Amino acid sequence: MSNKPKGKLALYWAASCGGCEIAVLAIDDKILKVAEAFDIVLWPCAADGKVHDIEKMADQSIDLCLFNGGIRTSEQEYMAQLLRRKSKVLVALGSCANEGCIPGLGNLNTRKEVFDTVYKEGSSTVPENPQDVRPQAETEMPEGTLHLPVFYDTLKTLAQTVDVDYFLPGCPPEAENIWTALVAILEGKLPPKGSVIGVNTTVCDECKRTRHEKKIKKFYRTWQIIPDEETCLLEQGLMCCGIATRAGCGALCPKVNSPCIGCHGGNDGVDDYGARLMSGVASVIDSNDPDEIDQIISEGIPDPVGTFYRFSLASSELRRKKKVAAE
Amino acid sequence: MENFEPKIVGFLCNWCSYRAADLAGSARIKYPPNVRIIRVMCSGRVDPTFVFKALADGADGVMIAGCHPGECHYIEQNYKAMRRFSMLKHTLDAMGVESDRVQLVWASAAEGQRLAEAIEKLVSDVKRLGPLKWPANWQEDESRLEALENIVKEHAEAMEVPQ
Amino acid sequence: MAEKIGIYVCHCGSNIAGTVDVEEVARWAGVNVKDVVISKDYKFMCSSLGQQMIEDDIKKEGLTGVVVGACSPHLHEKTFRATCSRAGLNPFLCQMTNLREHVSWVNSDKEAGTVKAKSLISAAAERVKHQAPLEPMRVKVNPATLVVGGGIAGLQATLELADAGYHVYLVEREPSIGGHMAQFDKTFPTLDCSACILTPKMSEVGQHENVTMLTYSELEEVSGSVGNFKVKIRKKARYVNYDKCTGCGICVEKCPRKVIDDVFEVGMGHRKAIYTPFPQAVPRVPVIDTANCTYFTKGKCQVCSKICPTAAIDYEQQDEIVELEVGNIIMATGWKLFDCKKIPQYGYGRLANVYTNMEFERLCNAAGPTNGKIVLRDGKTEPKSVAIIHCVGSRDVKTNPYCSSVCCMAALKLEHLILEKTKAEVYAFYIDMRTPMKEYEEFYQRLLEEGVHFVRGKVAEVTDAARMPDEQGKLIVQVEDTLVGKQRRIPVDMVVLMGAIEPQADAKEIGLKCGISCSMAGWYTERHPKLDPVATMTDGVFVAGVCQGPKDIPASVAQGAAAAARVQGMITKGEVLIEPIVASINEEGCSGCRICNTMCPYNAIEFDEEKNVSRVITALCKGCGTCVAACPAGVITGAHFNNEQIFAEIEGILWDAKPQTEKKELQTAK
Amino acid sequence: MKYAYYPGCSLECNAAAYDNSVHEVADLLGIKLQTLDDWNCCGATEYFSQDELTACAVIARNLALVEPQVNQLVAPCAACYLNLKKTDRLMSDHAELGAKVNECLAAGGLNYKPGRVTVRHMLDVIVDDIGETAVRDKVVRPLTGLKVAPYYGCQVVRPIADGDCTEYPMKMDHLLTWIGAEVVDYPVKAHCCGGHMTQISEPQAFELIRRLLQSAQDYQADMILCMCPMCQLNLDGYQGRVNGFFGSDFKLPIMYFTQMLGIAFGLEPKKLGFGKELVAALPVLKAKLNGQFALS
Amino acid sequence: MAAHIAEKKGTFLEEVIEATPGGERLVHCLQCGSCGGSCPSGADMEYTPRTLFAMISGGDREAVLAANTMWACVSCYFCTSRCPQNIPITDIMYTLKRISIAERRYKNTDAPALAKTFTDFVDKYGRSYEAGLATGYHLLKRWKPIQLMKMGPMGVQMFTKGRMAILPTKIRQIDQLQAIIKKAKELSASEKK
């Protein structure tokens, strides 16, 4: 690492599970080098730091912000805007920030449905919430109006909210990739703005299984068969997403006989990950009979959105399920 | 809703259905002007992304049209269109997009009338379903802007508190 | 480089301007579409003045893309691409959009038409910005031609080309060339003998130095493309050595095994187990029908082998695959007769004296099973009355919705022959009498004079269930005489069904081998029904004769000659340009998932095991783009139809549906 | 296999012989017929002549009554069969009409999803579902020597023929050869018996009946076998009056195909409803079946 | 439907088409006469179905509704199954019967009376009633006691063979059926307006 003056680093966590934060720590002792190179100005998960300190900083005074998580609330949106303004380089870290990830699957429901599940129907909440109390964005108190963040109907990705400089995909991103990115930034060897930091091939490239021409007559769920360890999982009817998913993980899942679930999202130039994946898979269904095709799909892929958009629903062209009338 | 004129994007294969549309024109068969046609070489070229993009960009419906099964100019590529369409339908269904909004039509170069009827059906189906307005689907309501302003305001107030 | 787009909106006289406000479209595009530097409307854009205007603008303004909103690109895309080319702009930077067939002609609401026209112009403009210059590929044309089908259309095409000095391979499925015309007795309306006019052509083909005849052979496989097709032909085993046989016919004469001839004699006559279909067959080399030959079925006999003076019989012969290289293909595969049993109420197959028209042709033919005597199935009784039923299996949505076009005239011819050869009363049952060609109506007039009883009505049923004593032992034709509005029952001795002309049973399958498709009815689809009737959508493949649609002999001959002329044009030019619309794979991005490998019916995608990547063989790619849509990694690109271009087109076409972008809203919020 | 069974009004009394023999034969062949509870009249052609929606609604009530776990409904009467099948088709092919019919059904608390029930004729069930081998296996008294004219009539084979020819149907012909009868191939086997014309215009109806009897007689049939109570009534019940009208002397027993199937299977004639026909059949059986046939 | 059919608004042809499921095929009639030729009652018709279709196209409403064609129809469906244009001819006959009955245009036929008697029993009992039909129709509606007498011997025979019941059967849930019929008649009536 160079002897340049220390840079300023911010890490922030919006709608996500927190795994990405752990992934940052998973660079092991290299984290010390990070501390050498950066002053950490904000890292709510690991260090003290106040938002208003950030607000007071001059624009573009943070050198690097690693932002993980999607944008689900007004507070998260505010923070995204704030950190964008204050940072020279804003990196969307991990699947949630990149493409919405699992929290993005909440886009299959409306806010009301989400709240119903959490506050009304959930087995743990039902006995404890007889009055059906719901989060309120505004509460009138004698002292004045209190505000809580508004929970949005739709989860958005970071890039749908603010301009993002670099993307570091994965659920979570591999520690090595995080380190590579940090090194690149520290050394000033930045790829063109908007790049995804990683390779531009798919998981198949790193997968050692043998592949043939593909013809799929039936899809299996993972619990239905024990797949052969040598052959391409998709050819065996397992819905392996590796064909459409950006490499970089070393084909971790297929390596342990489990199909890729697509956490890295698509390659450069792929506009809608799920569409690419379903197009590829549908193309090799081995039938020309519309009824049979329909049957193969409905039996083998009962949850197409969950299958093709497990990580990328929020970043897809359609972004969410159609809302029906007003809430 | 009475005056709702849906916007529909049609992806028509160069060899059969685009020519069917040409024939409908030459024969002066009238059909609703709502379908706007994009020519592709084959229905097999139609990528589900096209359909998603059209809907996301404000289309109320989509038509995919190609040669009849077994009559593809490229021998069998319309079967691939059929497979993808089936997958697409399942997905759209799960996304809450009514299945009549996206229709797959087979029309040979000789079937101007058939294509016109299919367009007519699609348009009337979509009219019945009403506007899709997909872009509005992910826009938040007014409370969002208000909430954002509140945060800015409250933080400013908080900053004023003497240390 | 900044884009400079020129937009040209055609009035097409009032064809477009009638229901589209073209001035408004041009004005609007000039103001609202980004990067448009010039936008004009013009009366006739395809006129030389219109084209000149575009050329001048390209040069003067340095346009980087041209959009022409006019008629279908299938009519004028070539025209405007050439216009751009002349002005130094790559032709693939010209985009046509269809404001006539797709807008003005299908719509009568001017306002809506104008909006739709704007959409299409906007789409084309957005698209053209993403288009890239492309260069067409040039290939040399092999001067040899393959003609599939040795009927009259195929023979005519063969002779035209062979006489012009080019080599022709003529493939025929049956043991002899000649087709259906060889079975007919007379031809309408001139009543000249079918064989007399056909056989000279057959022997000319048989002896032509530029013709290689492959009879008793079938098209197995076609690969390659225009200019350079590779064709595999299966020569079925004849069990007679083609080179040794002199055609003396003694083997046929001595063969002890007689079988019913279901093909040439349509079941009315017999042939031997070793046979040529008819005496004037070309070639005269017989074939052994192994299903009936005593030697092949029982291992004994060998009379033919013993008697053959040149030892030409070869029981060990096998099917042989011949590989040919040709530049063009003419499909002249002909037709088959409708199976009249599919209309059970007419009794064919159940009532002995109900005949098909082809059976009746043989019955009339002097060389046929009865030496030209018209008699009932008993082989001796001359009918006293004959009914001829038109439109059997034609003009019926349950069988074939189309008009078979020749049956009216063929029926008139048969009616004449009955009157000429017998004393029978002749009843003709028709829906509409169709006699549109030269001298045809005159022939109908002649038959009216000859005393045929014409009854306008589609026959309801032919039955032997007599109700009245005079119906006993007869075939009763029950019909509504529609000109009177009365149901009639007409007892006759013999009924002839004018069966529909249908596509060959394997027309679709054979067509697919060389990449041509069939209409709903099963006829080969021509490139344009009026303006390009013998070319097909596949360059280098032409059609002639009934395989393209029902037609009579003069029309089949004309089409055979027309197809030959088109091929000659290609050969004379020497090379063809092939559109560069092909797919390509970015090998760096390809991870070898092999999804695309099964996508290509032309085997244009190969997998490189070593590098673990798939690759497009450009020469074989036809540009459909199916692999492009299938590639899950998005690394296959379709030239001229790539994703960026189509996305831009989608955005442009929905110019009036565009959402307010969210980011914009946010900035105002700040 | 389990089928819902719709007897139709005629089979209650007039064509009880048909009903009895259907049940007897079905039992023997292992066809489980479960009579539709509280079925109503299909309206024959008479509702359709007055009001289409009422016609469909009345018929659809029966379709709606079919239990959810059963999806096959057997109707032995041609008119009932066609009405049920046609209504199901109309409801599927014309969604608007289907919705209206369901609106009517809703007034009775019912609903029918078009396409849910497949309407079958008894003949199709025996020929297609049971099949040749099983039928032949049951034959103990082959009808050798008996010349039978299968009579299909109209509405089972037209306009919707279930796998048979609309002009020259063959299913009953096949079935009858399986039980050893000599089948007469006569040309009018799917022609009309006159239907309700006997009630409206006798001359017209009698002529149609005469044609059928005449043709069967010309082909030396010993009896005609029907698959519809209306056909049986017209050919049997009116045979005497037709003879009177034309001065003819037809004496052809008109039986249901299931009755003869029962005979071949060795069942007692009485159980099969023999004796209810006006032109007696047993004497013919005794005469033709060469003493194999002992009246029990 | 495509524009070319919609243009015929208000014609008798359109009325018939609208009232017949699949009726739009009627415009394809070739006037071939396979219907009239096939009809077992063809000889008894003043106008064959084919002629009637030409009259419908020609807007000859009065004459069509007064014709005996549809009343001679025995619903054998030969015309329908043989029609080369898939015109639902038998169903069109039903449509013409319905219009003719609704407007009382029929002449010289007892078919409407038979239909009414028949369906009245069904409305009442849920089942048809043969004995009632015979007496009710021939005596009351038609006033042809002679006809009934001619049928007498046959009736007696049927009766002694146990093939004619004296009393009608009534279904259990007749109320339900009647509610359905009532609703259907209401809907039909509101549509005609």
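When the chains are written out, they are named A, B, C, D and E in that same order, and each has its own residue count from 1.
Following the convention adopted for this analysis, contacts are C-beta pairs under 8 Å (C-beta built on N, C-alpha and C of every residue); 3 or more make two chains touch, one makes a residue touch a chain.
What you see is a predicted model; the values in this text were computed from it and never measured.
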Neighbouring chains common to chain A and chain B, by label: C
Interface with more contacting C-beta pairs, comparing A-C to C-D: A-C
Farthest-lying chain, centroid of Cα atoms versus that of chain D: A
Inter-centroid spacing, chain E versus chain C (mean Cα positions, whole Å): 47
Averaged-CA centre spacing for the pair chain D and chain B, given as whole angstrom: 51
CA centroid of chain B to CA centroid of chain C, Å: 34
Multi-partner residues of chain E (at least 2 other chains): 78
Multi-chain contact residues (two or more partners), chain A: 271, 276, 279, 281, 283
Residues of chain C engaged with two or more neighbouring chains: 345, 461, 599, 626, 629-630, 643, 647, 662
Interface residues, chain C side, partner chain A - complex: 588-595, 597-599, 607, 612, 626, 629-635, 643, 647, 662, 666, 670
Parts of chain B lying in touch with chain C, wherever the complex brings them together: 5, 7, 9, 15-16, 18-19, 21-26, 28-33, 36-42, 44-47, 49-50, 53-54, 57-59, 67-68, 70-77, 80, 84, 108-111, 116, 134-136, 139, 145, 148-149
Residues on chain B engaged by chain A in the complex (per definition of touch): 47-49, 52-53, 55-56, 69, 76, 79-80, 82-84, 86-88, 90-91, 94-97, 132, 134, 137-138, 140-141, 143-144, 146-148, 150-152, 154-155, 158-159
Partner chain E, residues of chain D touching it in the complex: 9-10, 12-16, 38-41, 43-54, 56-58, 61, 90, 93-94, 97, 100-101, 103-110, 154-155, 158-159, 161, 166-167, 191-192, 194-197, 199-201, 204, 208, 237-238, 240-241, 275-278
Interface residues, chain A side, partner chain C - complex: 81, 160-161, 200-205, 211-215, 232, 234, 242-244, 247, 266-271, 276-277, 279-281, 283-284
